[in-house]
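The following pair of complexes shares a single chain, chain A, combined with chain B in the former and chain C in the latter.
Coming up: the complex of A and B.
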């Protein structure tokens, strides 16, 4: 966070890539699109990309917090599916039909509580039972989506609900609601990391857990906290996806999201061993991943190839990180 | 008959820094040979040169009458040198049999492991050591002692002619040590040589034939244990004159001390495990109590117990008249600070700034409604940077970029900042340059003069003798004696260590 530019601002390419690789990559992608992608510089393009990137960005920010403590959360996609499956069940229930306003409120609050409960489970496994994070969150990675599918009998739930759909299709100042939401979350999390004791402990635990504990840091509570925040943000993302589609598909909602989120966090500058929480970096990472996908799609490259490109980005990001460690 | 192993004039340097300058050792066949020395004397380096982990820069090694140029632990094993490390290199989740025969499994049809034969062979090997256990159970289900014996059994089954044991008893209790000693004697009778590295001097007299002493990368002596005393061994390790130590005596035991304030901290007959089995001490206001002892005597364990890191298995700690805290966070609230011995592993958070490292323990007091008061934080950090003379570009510089001495000052400031009543300082001046060392000592003295208490651990006897008002002497996890200043000299402290060794033997 506090990387003040004391190091002499030389214009060498190596250090530039190392410290601002994400920004450089973003500029290159934008330049490429402006030159080669038809109709790139249009409001419509911006709109589409923001509405799609918001969910990745929101989950990636939660993931960044977890990674900052030296953990990882594989269950984010499954938690999205679970939250997404619960919402239509609630506002389409008899209660939701009878009391539309209360129904919508409950359809947002209850799934988020369920998501937070998932986070509590992950956090307890990691912080109290000392299970490896990758194993601990694998449990919900597998079972979370299963529960979502059981809840919906494996059916696609379609709906027509203007109020709920606002989450994914609403606009503020001509731009998608979820984009503003992601931005608001980023500002809040940034302040949490830089200005609160919780944020300081997150970075301390990731930086040296034993030192943090011996200095009185409430290690278990903080770890549980980050898993709950990550799961809660995943829940929000799950609701947005359902709102965009006006349908909840427990089998597909959030599928492979854990990989996108980890990739975005890493591209954004998070270190997998912990100790750094670049919140806006996570957004940058999410934007890069989204733009690469969009660029390839808009230029007629097949979806499968986009996956390979994504792998290339992660490789590059990890390579730059290795160089930074020297 | 020629010696089994002769290492002569071994030299080894790391990046130009000499670790071994003139190290020699000779081990006879069927001999139990002890190797002793202070931390950093070069014992481990010598063993690693022998087993092929390090390549020597100079000197000769004759093993079994042949010039030896071992280049890997695997080759050393094949040549008949087996090492039983402190951290056992076995596989706890696999069965005893698998651990013993690993890499040398009896085969059927050249491919399939013949388990019946493997179990039979393992049982036979273990029975030779008087160990009768179910070899099909996972190794990890047995005690450390049994695991250690299995490691030795494995070594011997591979026709080892020299078994190197590195601190074999450090995690064993008294009865397990007896079993281990029985095995060591069995090895000697079978003509196998043992190189026994230990800092528990009593053990050496019980089990070893000869002892080689190292100091500062050199071999300074090799004598039969029957012809020496503990005092001589300690004097050799520390490079002091034994006759002076003996003359110094321990007569001025009740020497007058500085006036003491109320009692701050009392440890009454506490234990946390085999490495801290019986510890008593009292700390008053305005007093530095030193913990004296050799490596492994239980000093760090005592500090960890006082700070609530390790749970007590016996006894009570009283802090300012109340029950002692059970967790570090509570200890800090109760006015305790603990500067740990291992700055890197338990002290600094390398990626964080000087500011963030300095206020880590103070955070709860700097926070209102979860929000850190950043203005007050900066002001406080600047105050300590100035007061302690911490050399840093500015408070936002990552702590890993500071020198060792300045890192240590930041950590000291971390604890001073909580304004504690008691500071527990474990090797506060280790690895810092002379200038910073004096400054740190002055800070500690100033803290005590303001009416607070310090528990000081230092491997440098000079620091302990000059700094502490009283010294509680530890040996093998027990507090044995107490010395009072004025009147403590280094020689007296050394003699207390030697003397208490005899008392407990």
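Coming up: the complex of A and C.
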């Protein structure tokens, strides 16, 4: 990274990386791809990447809110699996077949309610029982996927349902539906953070929880709220993954998503200590994670090596961030 | 310097009510199993139970050290998978080569964790989460994503397949030796006291001049080394290095540690109680298997994950009540 900056001797590399590390990384990855990856500058590439990045971005935004309160949510991937397992069960049930429109509506609403319930569980554990977020969300990290597998008996559920698949394959103005959805969610969350009392408390809790509590803030409710939002967004992401694949695999849906989401949030500028909620940063982070995956895949690097690369990105991002704090 | 009273049973009981509860629950569950199922107390169940759970006992003991300092190690499962592959590759040279080198490989991952946490100041769960990914990727790369058969000609498989004194699997004997060593380190040495002090308050420990960084590096390397040993047991007991094993092992280990009464906030913890916690968790599944066998209930394998999470949940509920009660009495800290 330092080599690309050598020509500008006057530029201070350290502060640049610290304050705009995400943007710098994005430019480097894009430049690399334009130079080395065949057929990178094609509309098809853009389409594929947007349709895949949306789920990471949506979960990462929820994770950003949780991290802003000084928490963490390891259960996002499991919640995705749970929501994704419920949807086909509902629209393929007798009820869903008899009333297709109602079936689709229920197949979206019920999984999201289930996801929100998971968030409520996490929130209660953290805010009321004062269990550390890592441990509290570890419970659903493992059980959530287990419940999804129990529900489906571990089977792959395949389906052919055009209206449900729209979530993952639909297009608006030639670009994937889920990309627009992610953007809409980002705008809403940005407004919530910047313009509502809830948003102010999210940042206040992360900044100084004691002070927020002493000033009479509804700390517990706000914390429960962010875990529910995070889980709800994970539920949406789970539905999108199922819709993209026209199949629900509880063992794989959202697997390791917690890592992608944490990495995206951190790369996007979220502080693990809390107090910052860069929503659009989370999208930037998600785009970087996605592009790294795409770059490795397009250049024939094995999946296993990609895992190691991802580990490196996470460590580098958190390290740079720690340096910023000090 | 055996001046600690940790080995005094009466004081142990009064200080660790939860540990005692775990021991009682453990013996009650064993009694229940022996009375209810024909083969429960049989030699086969006894040794296969110990053999399988020796892996979880050893990673739980390493995890106990880490949690006492207020940290966490999420990489143990992947590290065990990695070292099981290493051990399988080294098995033709015999146990005396494969065992120490695989444990060293595990400790190297622990050293990497420690480096990230201490030198780079990365929070433990992020550092160990990254190592979890890295070790998993590494295990898949060196194994070509397939299981690696061990060499049956050498003495390597004796550890997992044969019994000492015709009674205990060798794996549990080795784990027991490691456990006693760790117990002594924690309860009687200055290193052990430093480890306990860090969990009580890291800044205060630093100000008191304790060698905090050295102790932290030690606990992560112990945890990595324990995971390495679990990997050797895995390869030796099942005849193959298994790069895809180890999923959710960290959860079992954390649950065992918590069940044993170690506070997740650090500063308090005990090796024997952790072992009891690991045995209790294993026994719950053992009994569920027997119930399945009798046909009274029918659990798919997927229930295991749900139950494991539920178990952790129950213990956390129990522990929050305990700590609240202790604080109310003014006996905290």
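Observations on the model:
Here is the rule we use: the second predicted complex is superposed on the first by the 315 of 326 C-alpha atoms of A that agree within 3 Å, B and C clash if a C-alpha of one lies under 4 Å from a C-alpha of the other, contacts with A are read in each partner's own complex, and residues count from 1 in each chain.
The rule is short, and it goes like this: a contact is a pair of C-beta atoms (placed from the backbone, for glycine too) under 8 Å apart; a residue touches a chain by one contact, two chains touch by 3 or more.
None of these values were measured; they are calculated from a predicted model.
In the superposition on chain A, contact is made by A:212 with chain B only, not with chain C. Of the two partner chains placed by the overlay, only chain C lies in contact with A:135; chain B stays clear of it. Of the two partner chains, neither chain B nor chain C is touched by A:98. If you count the residues of chain A touched by chain B and by chain C, you find the higher number for C. Using the contact criterion defined above for the overlaid structures, shared-chain residue A:150 touches chain C, although it does not reach chain B. When the shared chain is aligned, chain B comes close enough to touch A:275, but chain C does not. Of the two partner chains, chain B is the only one touched by A:201; chain C is not.
The touching residues of chain A, counted against chain B in their complex, run 2, 4, 6, 195-198, 200-201, 203-204, 207-208, 210-218, 275-276. Across the interface of their complex, chain A is touched by residues 72, 116, 120-123, 125-127, 129-134, 136-138, 140-141, 145, 248, 251, 254, 258, 264-265, 300-306, 308-310, 312-313, 316-317, 320 of chain C.
Residues of chain A touching chain C in their complex: 72, 125, 129-132, 134-136, 138-147, 149-150, 153-154, 256, 259, 262, 266, 272, 302-308, 310-312, 314-315, 318-319, 322, 326. Chain B meets chain A in the complex at residues 307, 309, 328-329, 331-333, 338, 340, 345-353, 356, 360-361, 363-364, 366-367, 370-372, 374, 393, 396-397, 414.
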